[in-house]
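Here come two complexes built around chain A, the first alongside chain B, the second alongside chain C.
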Partner chain A sequence: MSSWNSLWKWGSVALLAYVIVRGFSTPLQPGLVESSPSRLAPGKHALTLQAVGQPFAEPDAESADFSLILRSGKELVRTDITAITPHSVEADVIIPEAVPSPAMDAFLFTPEAGTLFLGNAFFVEDAAVGPLPADLRAEAPTEVAPDLGFSFPYQPTIVESIRNLLWHVPMWFAMFFVMGIGFVASLAQLRTGLVKWDLRAEAAVRTGLVFGILGLATGSLWARFTWGAWWVSDPQLNGALVTVLLYSGYRVLRAALGEDERVGRIAAVYNVFAFVMLVILLMVLPRYTESLHPGKDGNPGFNSYDLDNSLRAVFYPAVIGWGALCYWMYTLRLRMNRVEHHLLTR
Partner chain B sequence: MNFRPMAHLFANALEGFFFGSGKAHVVTGVALIILAGLAMSLWRMDRRLRRLESEQHDPKA
Partner chain C sequence: MTSGFRSTLQTAAAVTRMEWRLEWRQGHQLAAVALFAVASVYVAFQSADRQTATGAWTAMLWLVYLFSGFTAIGRLFDRERTANRRYLQWTVDPLGLMLGKLGHAILTTTALTALVLGTFILFLGWPEGLESAGHPWWLMGGAWLGGLSMTTTLVFVTAVASQVQAGGGALGAVLGLPLLLPQLILATRLTRGALDGTPVAMLGEMPLFLAALSTGTSVIACILFPYIWRA
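And then the complex of A and B:
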């Protein structure tokens, strides 16, 4: 093996080792996840808000350094913090007889972790709609930039499972990459009729299928933790499954044709069709419909505001690492195909 | 559709499972062992294929 050949192969393994260690050891930024009691009536209440991720306060933190403010409509409601722990805050609040909006968001201003937010944290019952009394109004304190070191961004609903981004998304990228190689090889096969292109297409589809199945499995696991079900009838998810089934059909077709001399040409036509369907099912159709999946209509994706620099520092190596590992597997399968073809035709 | 109640349940369960009990290190270790095993098997396959390829190009070998 030449040195460059060894370098990129072992480089991909080293990158993935880095991704695994960084991906599982990097702490999550703090975020509010739970409020109690969630329903309030006019009067005095003791509130508790729970957080996950990195601690937002030292164990001996002073309550005076923190500020919890509720937002009702466009007005801010004052609270008095009674206790602070690294992952929770307790506060007293007085709910007046009239509030601008029954739904209240919570903002926890911290001296080091920035501002923590929980949308619709509380719901006020049995109160009229009206302006807040002046003595219950609060002024928003000056926000401080969070100083949390190297940590992954907190995303509501996704929370700790954001680490799956380093597996699920790069695996699909790798599948797209190698299926693209297969598509080009099949076009070349149709144009030239040379067996070498058929061997390439077969190796690409076989490798791509492995990554497609891994992408489905990691996606299903993610859905379980974020949406509460292993599978939901969603255009993106169903499209991904149909794509994998289509490519499985390619393998079935080849097996059915056996040693037929037309196998290369027929399989190439099928592979071109399958790749076009892959693009339509995964990249076009989900954008025209409502989808739970990030990046599609009605749902935020991992955009510039989600993928912060700490996540990028692990996500990009993951994309390169999984892509290179996939390409390594593809080249091995291709060489195996060539050896096999040589033995069968000599 | 509101997913927040579900997020509360699972977020805390996941948090506790991975980090509260120190299992994140176990997961990291297992993932590294699987990666090392995969890399070794690919490397061995690479070597064997190279041998087969050289035999094919040199029939006397």
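And then the complex of A and C:
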């Protein structure tokens, strides 16, 4: 029994070590981020497309295995690749006097990374609307399934920060988990009036607050990277902030009650209320209001990046690892609370 | 069971009546809330000088409303600190008492909405560029409903905070302010939309949310209050 007691703790540390190493060392799949120039007039142009993530492999001199194709409306425009560097592709293109649509998407067919897409890569200025001349049309090459090994998927605007998924999301999960323990303990306290449940609830809220604050901090970092601001007014973010303030209120309430013998019961009442509000604020309200935050808009899960197998192989261990670490911290705090209670009531 | 519920409702009505009568008899407390509200409106008027954009207008309205609400509800359980508590504890069903206090909060909210909104429009006029509110009924209804979701939450918070022997008022503010954030965000958006004349179809959901929040917090308060009361 005691060996299991230390085993799961070491297990959580090992999982988190795996998550940190894997999370930071796994390469990101390549993706197109930017094109220059972004506006084109009819005529011949040299284009450059910038990429991030895993570098492109050296092109094979024998075969033309890279190809860049622009899409205007439903028609495809031919380009001639002139140079490929690890993180960019240069190509020549001829823009005709008339194009089907002024907004052009870019498709880069690569031998290893499959097809990379950049929507609205170029805008054609001063051109009429009309069909493409036949000599500029391109045929789509046969697509190659990507063969990149273990790598994280490329997502526009998120890019490298996708690794934060392994920190931010499991931290909130852990917070929910331990606050749930606190909720159950507070219900038991109200039912039985026993002090042991109060000690549990206090330990749970204290630990949950740490993870809530960590969740806010990692979320703020992510918001800065993807939305451009440390904090934005969004139902999900408001809910998260209110939740953390609410549970800080729990600690203030306990401190204000001090030595009062009713502290367990009153704190339990407040904690039950706080948990109900947590569910409403973080799980109900954001679903019904417009939110920038992923996984909302009436959808309880994540977006497509959740479906990626390599990300899953690190994300699930992260959820278990952070959850177990959180539970471990909770048991430590509980032991301290028990000792404190014992010393005070001796 | 039915008779039990009926007697609870009778208790609630009796508590509301008692609260309201005591408010009238001890007129200074009612006057204090009204004075606070009107003075805050006047400060807003002096600092805004009749040139207010819609956003600032609603922000000031809800700030005044928020703090008036705190003063009005924050002392709701003051009487229950003393001998009165022991008397009520023996004679009154806690659910009835809570319902009575909530009933009193609804009355207070109605009076406060009329007072704050009325004086606010009287002194500050309409926001810059507006002749009147786009949807006057929605403005009134939104203010009332927003105020209601605010006061019902405050009733519970005050009940918890009043258990603390000293400094309960400050504790009420500490516990209450974060809890009121979602309600205030919804309420400011609703009143702003009502001022601007945003199509009603776009406002439609917000009153529902506010009503749901008021009902939800009231129900939780009713379930949990007996535990505090008997502590």
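Structural remarks
One rule holds in what follows: the second predicted complex is superposed on the first by the 330 of 346 C-alpha atoms of A that agree within 3 Å, B and C clash if a C-alpha of one lies under 4 Å from a C-alpha of the other, contacts with A are read in each partner's own complex, and residues count from 1 in each chain.
Basically, a residue touches a chain if its C-beta (ideal position, glycine included) is under 8 Å from a C-beta of that chain, and two chains touch if they have at least 3 such contacts.
Remember, it's a predicted structure, so these values are computed and weren't measured experimentally.
By the touch criterion defined above, A:159 reaches chain B but does not reach chain C.
Within the superposed three-chain model, A:336 lies in touch with chain B and out of touch with chain C [touch as defined at top].
In the superposition on chain A, A:7 makes contact with neither chain B nor chain C. Of the two partner chains, chain C is the only one touched by A:281; chain B is not.
Contacts of A:128 after superposition on the shared chain: neither chain B nor chain C is touched. Looking at the complex, you find that chain A touches chain B at residues 1, 9-10, 13, 16-17, 20-21, 24-25, 33-34, 50, 52-53, 120, 156-157, 159-161, 225-228, 325, 328-329, 332, 335-336, 338-339, 342.
Listing the residues of chain A that touch chain C in their complex gives 190, 233, 238-239, 241-242, 245-246, 248-249, 252-253, 256-257, 260, 262, 265-266, 268-270, 272-273, 276-277, 280-281, 285, 288-289. Against chain A, in their complex, chain B makes its touches with residues 3-4, 6-8, 10-12, 14-15, 18-19, 24-25, 27-28, 31-32, 35, 38-39, 42-43, 45-46, 49-50, 52-53, 56.
Across the interface of their complex, chain A is touched by residues 156, 160-161, 163-165, 167, 171, 174-175, 177-179, 181-182, 185, 205, 209, 213, 216, 220-221, 224, 227-228, 231 of chain C.
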